[in-house]
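These are the structures in question, set out in turn.
Both complexes below contain subunit A, partnered by subunit B and then by subunit C.
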Partner chain A sequence: MYGLGLAKGLVVTAKNLVLPSRMMTIQYPDRKVGLLGLSKATDTSLVDLIRKDPVNVFKALLGIADVKTSLPQHPRFRGEEFNWYEQRCTGCASCAKYCPLGIIEIVTSESGDQMQEGQKYHLDKFDIDIGRCMFCGLCVEACPYDALHMGSGFEEGKYRRQDLVIDKRQLVSAKKKPSTWFRPQLSNKNYDPHKGKNVKWDSAGRHEKPSLQQQQDKWAKR
Partner chain B sequence: MMEIEILRSGFDFLGIYGFFDGFMPDNLDWLVFLITSVILAMVIINALVISTALLTWFERRMLGRFQSRLGPNRWGPFGLLQPIADLVKLLTKEDTIPEGADKPVFTLAPIVFLVPALIVFAVIPLHGSSFLGRLNIGLIFVIAITSVNTLAIFMAGWSSLNKYAMFGAMRAVAMLVSYEIPMGISVVGVAIAAQTLGLSNVVLAQDIPFILVMPLGFLVFITAASAEMSRTPFDLIESDSELGAGYHTEYSGAKFALLQLTEFMAPVIVAALVTTLFLSGWRGYGPIPGPVWFIIKTFVVLFGFVWIRASWPRLRVDQIMSLAWKGLLPLSIVNLFVIAVEVFIFNPGEAGLSTRDLLIMTGINWSITIIALIVIFNVMGQSKLKRPEPVALPLANMYANTTVSKKATDLAEAD
Partner chain C sequence: MSINTQPVTINLGPQHPSTHGVFRLRVTFDGEQVIDVEPVFGYLHRGTEKLAEERNYVQIVTLTDRLDYVAAMTNNLAYVRAVESLAGISVPDRGMYLRVISAELQRIASHLIATGFLLDELGAFHTPLIYCFRERERILELFEMLCGARITVSYMRPGGVFQDAPIDFWPRLDDFLSSMPGYLDELEGLITENEVVLARTRDMGILSAQDAIDASITGPVLRATGVQWDLRKAEPHEVYDRLDFDVPIGSVGDTYDRYYVRVQEMRQSLRIVQQCVEQIEPGPVRSETPYFIRPDAVDTYVGTESPKGELGFYIVSDGGISPYRMHIRAPSFINLTTLRDLLVGWKMADLIVIFGSIDIVVGEVDR
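Right after this comes the complex of A and B.
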């Protein structure tokens, strides 16, 4: 009555305009920043920025400088690229056996003539076809030596299907930022792959892999 | 500052004509006339198109903020180059004409739509005089020219051979013709109070801005004007949830660009008109020059239009027509009557109303405005409508032998 409902509607939209907390948009994969925003995003002082990167400073003055942004993800997010530690893997192929889709292909060969316990197979091939993967994570659960972890990224768009097959070379050279899914040793340390550093192979497992000497001692004591 | 100096020294038709006439031989008057016209046309078209492009950017950004999002921000600083990107996209599209369309009318409609908008801007005084000089029938000129866009919309809708375009065009004719009446009557109130029909003289008569002197007239004018340019909450001409796009459903390419340009140009012109008629035009305080005051006031009105567009839903067809005929028409007549009686009593003569007269009118008109609005709201308000109690179907035996079914059968028998 008396147009009060119209005024209410105007107040709602005016709140949207004024209050910055009502802004919902998260910009991705980059956002435009001004000069102060650029120095804050790159974590350098203004003077350093002007000395090092004058082109970007000029762009920032115009308001067209880009800063990469990422979408907030949970640390247990099961990402597309797998995390694999060559040093931990024995080539037992548990992951390949457990995979419901059979998309992990492992080819091993003997690494020497006189194999002893503690030594491992030589991995000729370790292919994961993430184009067909459903990210159930059974392979990660199955890995007895914590060599295989879920990844934390999701920007794996490719133009061809065969590019989606991750081979051994890619797995070795990828960034070691494992998801903490099914890895309590990482989540107990409050590790966040989206903020934290790379995890080295010797700190990624539940327990350390015993050395050859330790194994031999263990057998000798029995 | 350069442009402002030019405006002060008579940057209108007579000024430019006199400047060129000074050093051209007498037998070349036609050339002087041509040069002057071309210069003025260039200035008006460029000023309007650029301000319209800025308005589209401003409107989309502000709509985004009103709706908790960002709006265009990728292309250029703060997305400022977005209108250029849109223009390039529209101009590179194929210009299609539907089979069976009335081709000459179809082609002519965008031009008929655009030209009045440009012409109206030529008589709006930015500072002292408009581009065409001090036209002494400016108000009649504006009302006459703006009514042409009804014809253009109907041409576009009719010639498209499309049901939705036709619906949009028919709605447009019904609505625009209805809303022209209250708009015209509220403008007559301004003319009576200012004792003139020239837009420059209307501004000069506003010792107190007319928005304070006649708030009822302002309300009626701004409502009718936002219906005239078919913006929310009166955008049923091109209501995209019902009609596709209304009268420009079949348009594409450059013609569509022209139609969209005119549609976004309308708020600029209406805001300039509101500034002239009700917000005392270029007059302001302090050292800020007149054109800057004019632009600031226009901008404030535009912001109001965008705010309303972001907030209010569209009215139904019957609601729109009843608002025009039952709501705005009586209000505008009350406004006109009150102003006419007051001017008759004060009897200002040649000099026009003094500030004291305007102050007294302000006091009287505000109280009359509040009373008139309360009366109209009580007459038209939805809460006065008695809605019938919902009754279960007589055939529904779900509630057999209960009070509900008895009531229903009783009612059915009573009918």
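Right after this comes the complex of A and C.
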């Protein structure tokens, strides 16, 4: 019968219009909620909410209270804000050599007149120009000391291009929430950068930190 | 009294929503009728082949993401296969299975875009396209779990893949595999028997099998003409010889056949992924390869079946850490060679549909 195919198609469209499981839009970065939604999002009871934040409660009654939405992200997500541990970095510049775009600049100098065992080069400069970065992660793959990790965030919009060059100071003070890209030691521990705590420099490596007993056993032989 | 019309030349593009990117068509019309077509391209030329000459073999993987940017996984696969044949690198079994799984998921994602935009150009503005994008989004989420990126994946390396799939990838993949056939039925319910779609696509832009072979057209456009040619069957690579799947073909070679072949290919891809999930076994995912691969001074050509057709990489090595010359056989570019013959004689509105059914990506046409 002519028109049957059309009717069939309209049924599909109607199904997608009505069924809530078919809806896919996520409001970002803010989502408008009502009173119950606000209480759920801020994790406070209604009574507390009315006492503490009457303005937002009034907005929620109108259905226009803003709640921040977080998008679902996987631990391996290659994000901005590189995680770099100064304590682990030896200034070998493997990352700079392996970057396809050459956007990592490293300048080192000798840290003293006579280098002793355990000492390393002093890092004068460690710049990453994330304005030109394509987040391929090859620098992280190249790092032999697990000093450089991909970040987990993506909201790094800036007004000027110069601000996109991350220097050593910014890298040191940034939040240490590395992505588990090419770092199986983190994913094996079920680490999730969006839930977990900051990762300290001594637990980010591919080898466990030796216990005191192990250290004593090792160094007692000297 | 008779009315005469004069030929008018119109620019379609380079910024036009129906040209799939910055692609320009200089079309000469006689009234509504197309009498001449001249494709003009190069607006997205980034010199990938030249850039490859100053990067080492692993760094080039990131460049191949940007060729056919809706099917980055298959680009990765085509490139790493060429390097492996050049340098004689073997791949462990689990690595090959992971590569086939991700390449077939990417084929589904690419065909979803092709189908969605075909409907968009037929005038079903955006609603069916968003249905396709919603399912594609689930594939991209799987890719994000697998390799941390959605479009520019850089997942594969010469010698395997960079890292094993995370443990929570497999339940999500099973979930996807169980719900996708139902979704494809729904998509077919929307299109396959729809009278408007049939009226606009049946017997339009017919490409004969002989013409397609003469112009060395590959992929779904060739298979729609009734030629059963698929590199996965003809020259089985990876683990395709251990898998059971059909090569769907069309009968006439019109716009409708090109759509229908793609939908059936998505079903076959689901079958392939399902079998891979059953056959995959634990083990290493990447063979021991040095950071800087130094192949002997030889040259090689390896073709791989990408969603658009045969994507081939011709690499000449001079024994150094980067290729001396790399040439890319881009299926989107070569499938455009018969564009003029397909379009002449049709009306303006049909031009858009026939052009869209070839499914080009300008990143690959211009390279």
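Points to keep in mind about this one:
The working rule: the second predicted complex is superposed on the first by the 187 of 222 C-alpha atoms of A that agree within 3 Å, B and C clash if a C-alpha of one lies under 4 Å from a C-alpha of the other, contacts with A are read in each partner's own complex, and residues count from 1 in each chain.
By definition in this document, a contact is a pair of C-beta atoms (placed from the backbone, for glycine too) under 8 Å apart; a residue touches a chain by one contact, two chains touch by 3 or more.
A quick note: this is a predicted structure, and the numbers were derived from the prediction, not measured.
When the two structures are aligned on the shared chain, A:P54 is found in touch with neither subunit B nor subunit C.
Touch criterion not met for A:P210: it reaches neither subunit B nor subunit C.
Look at A:G137: by the touch rule set out above, it reaches subunit C but stays clear of subunit B. By the touch criterion stated above, A:G102 is placed in contact with neither subunit B nor subunit C.
Residue contacts after overlaying the shared chain place A:Y2 against subunit B and subunit C alike. Within the superposed three-chain model, A:T13 lies in touch with subunit B and with subunit C [touch as defined at top]. Here subunit B and subunit C are compared by how many residues of subunit A each touches, and C touches more. When both complexes are overlaid on chain A, the residue A:R78 reaches subunit C alone and has no touch with subunit B. In the superposition on chain A, contact is made by A:M24 with both subunit B and subunit C. Once both structures are placed on chain A, subunit A residues 2-3, 6, 9, 12-13, 16, 22, 24 are touched by subunit B and, in the other complex, by subunit C. Subunit C makes touch with subunit A in their complex at residues 55, 58-59, 61-63, 127, 130-131, 134, 137, 141, 144-149, 152, 154, 162-164, 166, 186, 189-198, 291. Those residues of subunit A whose C-beta lies close enough to touch subunit B in the complex are 1-3, 6, 9-10, 12-14, 16-17, 22-25, 27, 32, 62-64. By the touch rule above, subunit B contacts subunit A in their complex via residues 62, 65-70, 73-74, 76-78, 307-308, 310-312, 373-374, 377, 381, 383. Remark: subunit A residues 2-6, 8-9, 11-13, 15-16, 22, 24, 72-78, 98, 100, 134-138, 141-142, 150, 179, 181-182, 184, 187 touch subunit C in the complex.
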